[in-house]
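There are structures below to look over.
Next, two complexes with chain A in common: one pairs it with chain B, the other with chain C.
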Partner chain A sequence: MDLSQFAQAALILASPSVWLWLIVGTALGMVFGAAPGLTATAGIAIATPLTFGFDFASSMALLLGLYCSGYFAGSIPAILINMPGAPGNAATSLDGHALARRGKADLALCLAVIGSAMGGFLSILVLAFAAPTLSSFALRFTSVEYAVFGMFGLTCIAAISRGSLVSGLLGAVLGMVLGLVGIDPVGGMERLTFGNFSLLTGIALLPALIAFFAITEVFAQAMAGQHGQELPRQEQAAPLAVFGLVLRRWWLVLKSGAIGIGIGLLPGTGPTIASWIAYGEAARGDPKVGSKDGSESGVLASEVANNAVTGAALVPLLTLGIPGDTVTAILIGAFLIQGIEVGPLFIATHGQLFMQILILLALANLAILVVGLGTRRWLPLLLRIPQRILVPLIVVFCAAGAFSVNNMSFDVLMILVLGFGGFVLMRLGMPMAPVVLGLVLGPIVERNLRDALTVHQMDWSVFVTRPISLAILCITLLVIGVTYWRSRSRSRPAT
Partner chain B sequence: MVRSDTLLGALAVIAGLALLWASYFIPTSGFVTTLSAQFFPRVLAGVMAILGLLLLARPRSNTLKNSLAPLATARFAGFVLATALYLITFPHTDFRLGTALFLLAGIMLMGARKPLELVLVPVLGALGMWIVFRFGFTILLPVWI
Partner chain C sequence: MRFWKTLVAAGLLAASGSVHAQEYPSGPVRIIVPFEAGDAIDGTARLLADVMANEFGSPVIVQNIPGGGGAAGTAEALRSPADGQTLLMASTGALTARPILSTSGYQTSDFKPIANLVDQPIGLAVAASSPYQTLGELVEAAKAGTLSYSTPAPGSTQHVSMADFASKNGLTLNHVGGQGGRGAITKALTGEVDFAFVGASNYIGLADGGQLRVLAVATPERLPFLSDAPTFKEAGFDFNASVWFGLVVPQQTPEGPTEALRATVEKVAQSDKATELYEKLNFEPNYMAADAFQTRIDESVEQNRRILTELGLVK
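So, the complex of A and B:
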């Protein structure tokens, strides 16, 4: 790192407009991330054309503030009303909402804020010190590695099955079947659409998330009615004590951060897979994760990994010109507006701008801490609304949110069908989280498996002859073995 | 005594067989050097049926009556019906009107009885939500005027 360039880049800290746009971006990210149906991607897409009149630092302050806080803010509705604002926060809702049910929503929100900021800071370190090396490593990943990586993601099912593993596996298979609907990604053939034109694009992930998490919860509350579980009075958490709690789980933070960074580096993956894998890892170490009472570790792991993706996804963009996810793809437009082309020569020729990005990313994560911890006290007030009013209001929010995703009335119908179907299956003992995991990972595994076999003329041995693929397969088998061994030793009666 | 797992298992077996049947109608492309579009549906159909059989063979969960009986109450059925009507008519109804009517029905079914609550929640809820989405997020929700 060139310190003179860093010192020059740090001069942006003296610019009031940079601070102003950073705060505006953070606030907008909170709104877009928290609102169902809207995501950080949508926020950045809307904000990018507004940066035509901005200088580089102000433009990046607005967009990176929006990016980082947008990824975090989906955890707010996930914790408070069990409705993840974005797919990357779905794992957070499992333990976050369970904690809210025990009157610990403030603690869960503090953990999400601090975890997200820590994940963000960890990814900045990687971006600063290891970007070129890591991006060239990530480029070695082909469809073979992506396919086995997707299979590794499926090992989380055991952790999120809550009770019966068979029911959890069945849920994951159901999710994968739902992921089959639409145009076949390899051959372009129509699959399981039953002649319905609206199903050609497949089942959209956000309406499915709304259905499987929020609508099922709404029906559960409606079933309980006035005798249902009113949430207890929420306890206040002291941020310093939560910091201590997070620091005591330093290994979990580092592990989840590494998972988020590793997955963020791979183009086309994103925070959803990262947060599920980190959550699965946390569950392997802490039996309370995924339980009815919820665990701090589950929230922390999911949120650290979710935001660790932010800086890591910028690595392939800034070093190779390849966007790591949809947000970074839009950011290419923001760079072009400034007349800057990102690619292998960006750091060498625009070292000062690279330093500015690092500084702004750090400030954006600091802003999450300040704004998130500052506003969190008012957020649980939402839970004081009586259930008889809150439950119908959530239905309206779900409907408007699902409609906003693609402006399609079909998505509103989907939340009804999937939500009611999911609720009945839930009553029969099927957990909903594996269904969502299957819906996310199924298409990734299928597309890459078929791509890999196409490229290698149907040679299945390619999965064990390529070193990275073999290593991931070995880790997958190891994780399955350890999980099985642990579950056997737990179920064995003590002598 | 029928258990929930028994019904879940039976549903899984039926769904697996249905998926297998449906997979035969999936057209295949000209590609011969890759797996066909039918491959994954068939694998999943097989796994689904096997898992269903496992549940049928070793049912462990609650009795079916305990799991599904609460769904048969008039109040819950009313709430589901109101939700279904609201979501089905969503694209064809003015958001403000449809939402106000749904909120009125919804809070009544959830046990609200105070007259002030029955007036204020539907009106303020519908208008507030419309203002937030229309002017806050600039998202066009279906309206007549």
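So, the complex of A and C:
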């Protein structure tokens, strides 16, 4: 790193407009992240054309602020009302909402804030010091590697369907079947649309999340009726104590950060997969993760990984001009507006702008800490609203959220149908998380498997002759083996 | 701030169910973009919306309805009231190829043209490490064996036109979709496919950085932003291909609003501001009035039908 360049770049800190736009960006990110149906991606798409008259630093302050806080803020409704604000926070809701049900919403929120910021900072380090090396690593991933990587991701099913592996697997298959609906990504033909062209779009992840998490919960509340479970009085958590708790789990933070960074580097992935895999990994190490009581580790793993994607997804963008996730895809336009073509020459020719990006990212993560910890005290007040008022409100938000994803009223109908179906299945003992995981990973495995076989002329041996693919396959088998062995030794009576 | 204006306008739009149009526009105008925010076509629409709003003195809102290769948004535009308040930003593939490929809820003839706005020329590129130095070498290799290539999606203009090129020149090619232009380029960079065939402006950064070689652009003349890249014609192939984006409205839209829109778009699409913004994003401004645009749409349909029939992809 060039220190004089860094010093020059740091001059942007003297500009009030940079601070102003950073704060505006962070605040907008909170809104877009927390509102179900709206995501950081949508926020950045709307904000990008507004940056026409901006200088580079102000433009990046607004957009990166929105990016980082948007990825975090989806955890707020995930924890409080079991409705992830964005797909990347779905894994957070499992343990986060379980904690809230025990009166520990404040603790879960603290963990999400601190975990997100830590994930963000870890990813900035990687972006600052290892960007060119890592982007050449990312370029070794082809469809072959993505396909086996997706299969590895599916091993998380075992971890997130505690209790019954069979119903977990069934759920994942159901999710994958739902993922088949729409236009086949390889052949371009329609599938499972039953002649209904509204289904050509496929079942988008956001409406599915709303249906399987929030709507099923609403049905469950309605069934419980008058005697439904009111949440207990919420305890306050002390942020410093939570910091200590996080630091004692330093290994989990590093591991989840590494998972988020690794996945952020890979073009075409994103926070959703990162948070699920980190969560699954945490669950393998800690039987309390995913249990009825919820565990601090589950929230932490998911949120660290989720935000560790941010800096890492900028690596392929700034070194190759290739986006690491959907947000960075839109950022390309923001760079063009500034007259900058991102690509292999960006860091070399625009070193100072690169430093500005690093500084702004660090500030954005600080802003998450300040704003997140500052406002969290009032957030659990939401839970004091009596259920008979809160639940209808949630339904309205869900419907609005589902509508806003594609601006289609069909999606509102769909969350109702999927939500009811999900509720029935849940009553029959099927966990919802594997369904969502199947919907996330199924299309990735399918598309890449078929692409890989197309370019390699139907030669299945590529999956074992390419070293990275072979390594991932071995790890996958190892994980399955260990899981099986552990479950056998657990079920054996202790004599 | 424009952001808030847009929000208010979106609210107004939602509130103003049916509009009885005497003068046009009688309220906020909405442009449906049938792709994700951030795509090239989305940029085109947002830039134009800005200039149009100034001209109309009423808000112009861009609404993204992605999915189904552009089919979802296109079908939605057809379902909206045909009063001229809803426009569709049509792209080649969604308007003229999708109805041939699958059930889509609309036919190309369900829409009538306002104007073509921009073209995105298509180019062919290989990774720096690729053995092919010229288009000629690549073509010879694809005659001798099988090569693979990537485009944004199956059924896209890029896919259909490259398949046409292959069948005319006797090449054997395997196609994979890249989930968008940049994704398709990634597949070429990683060496997964032998070449990419996407919008040429996507190549600029990587070509300058020496990671990609643009072997040919499918345009009559060389492109100003990729001046080192020869045209297909220079390499001895008579082949042009580009993606176009233009505005259309449902066929039932009354004459009044249609003519008003055509007049306004004619003015704003050729304004200095629009031209400058389009060039900044490396689009090729190519304003075409309604009649010329209709001819172009008909040609695309005919070409797509012929090629997709050859490929066995007709529904």
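Assume the second predicted complex is superposed on the first by the 495 of 495 C-alpha atoms of A that agree within 3 Å, B and C clash if a C-alpha of one lies under 4 Å from a C-alpha of the other, contacts with A are read in each partner's own complex, and residues count from 1 in each chain.
Criterion: contacts are C-beta pairs under 8 Å (C-beta built on N, C-alpha and C of every residue); 3 or more make two chains touch, one makes a residue touch a chain.
Because the structure is a prediction, the values reported are computed rather than measured.
In the superposition on chain A, A:T454 makes contact with both chain B and chain C.
Contacts of A:G421 after superposition on the shared chain: neither chain B nor chain C is touched. After overlaying the two complexes on the shared chain, residue contacts for A:E341 are found with chain C alone; chain B is out of touch. Judged by the touch definition given at the top, the superposed model places A:L200 against chain C, while chain B stays out of reach.
Judged by the touch definition given at the top, the superposed model places A:V412 against chain B, while chain C stays out of reach.
Applying the stated contact rule after C-alpha superposition, one finds that A:G187 touches each of chain B and chain C.
Look at A:V31: by the touch rule set out above, it reaches chain B but stays clear of chain C. By the touch criterion stated above, A:P132 is placed in contact with neither chain B nor chain C. With both structures placed on the common chain, the touch criterion links A:R140 to chain C but leaves chain B unconnected. According to the touch criterion, the shared surface of chain A, contacted by chain B in one complex and chain C in the other, consists of residues 184, 186-190, 407, 451, 454, 457. Across the complex, chain C meets chain A through its residues 1-3, 6, 36-38, 42-43, 46-47, 50, 63-69, 71-72, 75-76, 101-105, 146, 148, 153-155, 174-177, 179-180, 182-183, 185-187, 189-193, 204-206, 208-211, 280-282, 313, 315. On the side of chain A, the complex with chain C involves touching residues 41-42, 45-50, 139-144, 182-190, 193, 195, 197-198, 200-202, 204, 267-268, 320-323, 326, 329-330, 332-333, 336-337, 339, 341-346, 406-408, 447, 451, 454-455, 457. Contact residues on chain A toward chain B in their complex (touch as defined above): 31, 35, 38, 164, 166-167, 169-170, 173-174, 176-177, 180, 184, 186-192, 218-219, 222-223, 225-226, 387-389, 391-393, 395-397, 399-400, 403-404, 407, 409, 412-413, 415-416, 420, 424-425, 427-430, 442, 446, 449-451, 453-454, 457-458. Those residues of chain B that touch chain A in the shared complex are 4-5, 7-8, 11-12, 15, 19, 22, 26-29, 31, 33-37, 39-41, 44, 47-48, 51-52, 54-55, 60-62, 67-68, 70-71, 73, 75-76, 79-80, 83-84, 86-88, 90-91, 95, 99, 102-103, 105-107, 109-112, 117, 121, 125-126, 129, 133, 136-137, 139-142.
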